[in-house]
Amino acid sequence: MTMKQKQTATVIFQQEIAPAIYDMWIGTSLAQNALPGQFLCVYPKDRSTLLPRPISICEVREDKAALRIVYRVAGQGTKEFSHYQAEDTIDIMGTLGNGFPVEAAAGKKVFLMGGGIGIPPMLQLAKALNAVTDRENIQVIVGYRDSLTFLQEDLVRYGQVYIATEDGSTGTKGNVMNVIEERGLKADLIYACGPMPMLCAIKRYAAQANIPAYISLEEHMACGVGACLGCVVKTRDMDHHSHVHNARICTEGPVFEAGEVEIGG
Amino acid sequence: MNTQTIIAGITFKNPVMTASGTFGSGMEYSEFVDLNQLGAVVTKGVANVPWPGNPTPRVAEVYGGMLNAIGLQNPGIDVFMERDIPFLKQYNTKIIVNVCGKTVEDYVEVVEKLGDEPAVSMLEINVSCPNVKEGAIAFGQKADALSHITKEVKKHAKQPIIMKLSPNVTDIGEMAKAAEAAGADALSLINTLTGMKIDIHRRKFAIANKTGGMSGPAIKPIAVRMVYQAAHAVQIPIIGMGGIATAEDAIEFILAGASAVSVGAMNFVNPYTTVEVVKGIEAYMEQYHVEKLADLIGAVEG
Amino acid sequence: MNTQTIIAGITFKNPVMTASGTFGSGMEYSEFVDLNQLGAVVTKGVANVPWPGNPTPRVAEVYGGMLNAIGLQNPGIDVFMERDIPFLKQYNTKIIVNVCGKTVEDYVEVVEKLGDEPAVSMLEINVSCPNVKEGAIAFGQKADALSHITKEVKKHAKQPIIMKLSPNVTDIGEMAKAAEAAGADALSLINTLTGMKIDIHRRKFAIANKTGGMSGPAIKPIAVRMVYQAAHAVQIPIIGMGGIATAEDAIEFILAGASAVSVGAMNFVNPYTTVEVVKGIEAYMEQYHVEKLADLIGAVEG
Amino acid sequence: MTMKQKQTATVIFQQEIAPAIYDMWIGTSLAQNALPGQFLCVYPKDRSTLLPRPISICEVREDKAALRIVYRVAGQGTKEFSHYQAEDTIDIMGTLGNGFPVEAAAGKKVFLMGGGIGIPPMLQLAKALNAVTDRENIQVIVGYRDSLTFLQEDLVRYGQVYIATEDGSTGTKGNVMNVIEERGLKADLIYACGPMPMLCAIKRYAAQANIPAYISLEEHMACGVGACLGCVVKTRDMDHHSHVHNARICTEGPVFEAGEVEIGG
C-alpha cells in the first residue's frame, strides 16, 4: 500500500462549477500514487475546526504532479476551502483508502453510477477503465438535482454518459436507477458512489442481476487512517481489525463490494 | 539535558505518551512517526472479549475539539496479545495497555492475562466504562466504586497500575485520593468530558449514542486545573492529558504537576504531534537551561 | 410567528437573554444594541454589600473561550437599586437580577430588598459563589446545600426564582431535581466550568486567583449535554447557556430542552450577538415554518 | 463621549519597523473622533482566539479617515495581525478609553515618556500638544531595548526627542528616568505609557517634584467597554461604578493621574 503523508500543498486553480460545487486542482506529490476511488483528508486552517474533511479524488493530472477535487460547500470547513485561490496553501493528507478495483472490469461492460457529490470519483475511474475495457463498455450514469450539472463535459471523454435529474430538467426524470430501467441498460459490473438510498438501491439491483457492485461509502471521520474507529460499517464477514464485523471505511474502504456490507438495513 | 521521567519505578525516555484510543496500537501511526521516539505507547482499551462498539455516527466535530462515542470497539485480549503486543515489541518504547470492562471480573480477567506479558510495562485502567452492575454510571464517578475496582485490579495485577480518572465529577481531588488509598501506582487524567451536539436542521443528535466524550484543545483549561488539583491531593505520579497540541501545552501540564503527558485527539489532526511535542520540550528545556525534566514537574509558582 | 416564551408564568417577547456578568446592567452595551429587542436583561450578580472582587489579572484567553475570576465585584444592592434598576426600567425588556452572597443570610437580604421592586420580573440565584460556612465549596456543588439555599430564598422571595446551576458536578440531573424539589421556579445552566491556565514562560498562573471560570464556544457541547440532562430530570423550565455565539447555537439549546437562552462571553467578542441571535431564531422559524417557539423546545428526535 | 462601534475596517498599509514591531494604517470612520491615548480593540479572525487585543492609537491621519497603530507581536493574535496586507480587512472596535488630557498642558513644559511598546501613543499626543504649548516645551523621552529604535523620525517632528536604550547603544544608557537625571530635564507635567516599573518610577518622581503625571495603564481585557470588570486598577478614591476603589482601565482609563491609582504597591 502507498505511504501516507500529511503535507501542505498548493492550490493551482479553483472555480465554482455549479451552485456551491467547487472544482480545485492541487499541486501535490501525493498524486504519484493516487488511485481512482481513493480520497484526501483536507484540513481547515481555522483552529476552531480541527477535523479533516474527507474528499474523494476526482482526477489525477497526466504528469502525476497534481490532483483534482470537486466538493460541495456543506459547512465551515468546506466554506473555508472554497475561498482558497491559486497559490494559496492547502493542508492535506493522502492518499487514503483502497480505491475502486479497476482490473475487475477487464473486458467487461460496466456501470459507473454517481449521485450528486458522489459523481467526482467516477471521472478518474472512467479514465482508468479505458485501459482495461472498451470505451463503449463504460456506461457513466450520473444523477443531479436539476439542470445545473457538473463534470459532464469531462465524463463524456471517457464513456457513454447518461443523465438523470430529480426535477427532470435534463435527461431522465428521477435517479440513476430510473435511467437503467428507461433505457434498458445492462452491465456485468457496477461501480457507484452517492447518497445511501442510491447505494442501497444499487445493492438490491446488483443482487437481483447477480453482478458485483463496488460502492464507495461515506462516514464521519476523525483520523482518516484507521486509528480512531469512528468510520465503521457493519460487514457480513468478520473484520480483520477488531474481529467484530465492523470494517473501517477509511482503511478497508471506502470501496466495498455491496454484498460485503450491511447498509440501509 | 535529561528528559527522562520515572513513574512507579519505571523510567521513560521522555514524558510524551499517546492517549488511549487515539493511537490504536501504534500500527496506523507508525507510518507517520518513529515510535522509538515516544516515551510510551498507551494502547486503545482492550476488554476480555471483542466489543463491537456503538452504531455510527460515532464522531462529530465541535468547536476546538471533537466528540466521540466509539464504544470501545476492540478485538479482545487474546487477539490483542497475539497481534498488537508483538508489533509494539519491535520498538524501543514502553508499552502501556489500557484495560476496559463492564464488570470488575472483566477487568480482572484482562489484567491477569497481561500479567504473563513482561513487555507490558504498566496497565492503565479505564474507569469511565459504564458499570453494568451499578445502573451504568461509570466506575470513575463514585469514590467507593473507584476504590473497589482499584483494589480488585491491584490484587491481580503483576504490573503497576494507572487509574485513568473521569473528569465528569464534582471533586477530582476526592477521586484521586480514593484511587491512591486503594493502591493505585499512578493516575492519568483527564478522560473525555461528556458532551452533546445537535444537528438543528435534522433535529437529531450528531452522535448515535446521543452523548459523546469531548476531547481536543477546547478542554485543556479544565484538564490543567484537574491535574493541578489531583497533584495537590496525592503523592503518586500523574500522567496529564486533555487537548495537548503543542509542546507548550505539554509543559503547561507538567508545570501543573504532571510527570508525563499524553497526546490524544490531536493525533487525528496532526499525526506528527507526538514527536513535535518531544522536540519542543527539549527546546524549552534548552532555552531555559532546565537540566532535568523533574525540575519542571509541578514547578508553577504561587 | 410567535417567538414568545413563558417561564414561571412570565411571558418574554423572545427567548434571548444576557448571561449574568457579561452584560453589566445593560448600560455599556446599550451603545451597541437596542435593549428593547431582548427577551430579558439578566444583570451582573449583586450582593448585600459592595464586593471589591479579586486581584488582577482577572481574565485570560483560552482556546475558543476565556477564563475569568472577577470575584463578583459589585456595588451592593442599595446602589444597584438606585442606579441600575431605574436605567433598565427605561426599556421594554424584562429585568432579571442575579443575586450572590457568601452566606444564606446575604442572599436573603438581597432577595428581600428586591421584593419591593415590581420592575424586577425574576431573581436568578448564583449558587456558584463559595459558601464560607462550608469550607468555601460552592452551594451549587452539593445537593443538600443547594436544596437548603433554594428553600430559604424561596421563603423570602416575592418574585419567581431561577437557580443557576454549577456544571462542576458529577450529576447535573441530581442537582436539577434538588432545586426543583426545594421550590425553584426555573433553572439556568450552565455557569462556568472551572479551568486553569499557566504561563509557561513566567511559570505563573495566568489568573491571579489561579483558577477561573471557563466560558465561550469551547464549552458549548458540555452545556448542551447538561441542559438536555436537566430538562429530562425536571418539569420546571430551563434557561440554557454556555458558549452561544449564533442563532444556530441558541436553537441547539432550545432543541435540547431550554425554554430560553442567554448570550454570555460572546457579548465581549461581538457586542451585537444578542440581537443577531434574535433575528437568526426568527429566520430559522420562518425557514422551517415553525409557528411558535414552544414547538422547538426539547424537540430533538430520538 | 464618543459613540463606540465594532466594525470591519480595511488595512491601508503595514510594515515591520523593528524586530517584531509592526506599523499599520487602517482606513476607518473611527478616526473621526479618535483622541490621543485612546485605544482600539483588534479582533483576530481565527476563531480559536476570540478576545480583542487592545492596541493604542499611534496617529490619526489629517483627513481623519485613517488610524495608525504600532504594536509588538506577542502571541497568536498579534501574529495574525502582522500578516495582514493592504486591502485585507481587520475587525476593530473603538474608539475606547479616555485618552490623555491635552488641555492640561496649555502653555506648560511637559515630558512625554514612552517605554518600548508604550511609545506609539506618544506620537499623536505630541502632535496634539503642539496646539496648546510651544514645540520646545514638548520633551519626548523614549526608552528602547537597543539601537533598533522606532517612531523616532516621526516624534522629532513634534518635539525635542531624547532616547534611552537598555544596552546603551544609542542615547542614554538605561531607562527614561536616567535621561531626566543625566540631562537635568524639568517639566510641569508628565504624560507616560510603558511597563509598570517605569510607571511606578514616574509616579514617585512626579510626587517628589510635585507635578501631575498622566499615566496610561495596561491590563488583560475581555470586553473593552466596561462590562466585564476584568481590567481594573485599585484607586485612591471610591470608583463611581462599583464603589469599591476599583476603576476600569478600559473605561475610566487607560489614562489616570498617577496619584489616583495604587500601582506597584
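By letter and in written order, the chains are A, B, C and D; residue numbering begins at 1 in each of them.
Keep this in mind: a residue touches a chain if its C-beta (ideal position, glycine included) is under 8 Å from a C-beta of that chain, and two chains touch if they have at least 3 such contacts.
Predicted model only: the values in this text are computed from it and were never measured.
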| item | value |
| --- | --- |
| Which of A-C and A-B has more C-beta contact pairs | A-B |
| Whole-Å separation of chain centres (CA-atom averages), subunit C against subunit D | 36 |
| Where subunit B and subunit C are represented by their mean Cα positions, the distance between them in whole Å | 34 |
| Rounded Å distance between subunit A and subunit C, as computed from the means of their C-alpha atoms | 47 |
| For subunit D, residues contacting two or more additional chains | 47-49 |
| Residues of subunit B whose C-beta touches two or more other chains | 63-65, 217 |
| Touch-based graph of the chains, sorted into line, ring, star, complete or other | complete |
| Residues on subunit D engaged by subunit C in the complex (per definition of touch) | 3-6, 43, 47-52, 93, 219-233, 241-246, 251 |
| Subunit A contact footprint on subunit C (complex, rising order) | 63-64, 217 |
| Subunit D-facing residues of subunit A, complex | 46-49 |
| Subunit B - residues contacting subunit A, complex | 21-24, 28-29, 31-32, 44, 50-53, 56-61, 63-66, 68, 70, 73-76, 79, 216-217, 265-272 |
| For the subunit B and subunit C complex, residues of the former touching the latter | 62-65, 67, 141-142, 168-171, 193-198, 200, 203-205, 210-211, 214, 217-222, 224-225, 228, 243, 248, 251-252, 255-256, 284, 299-302 |
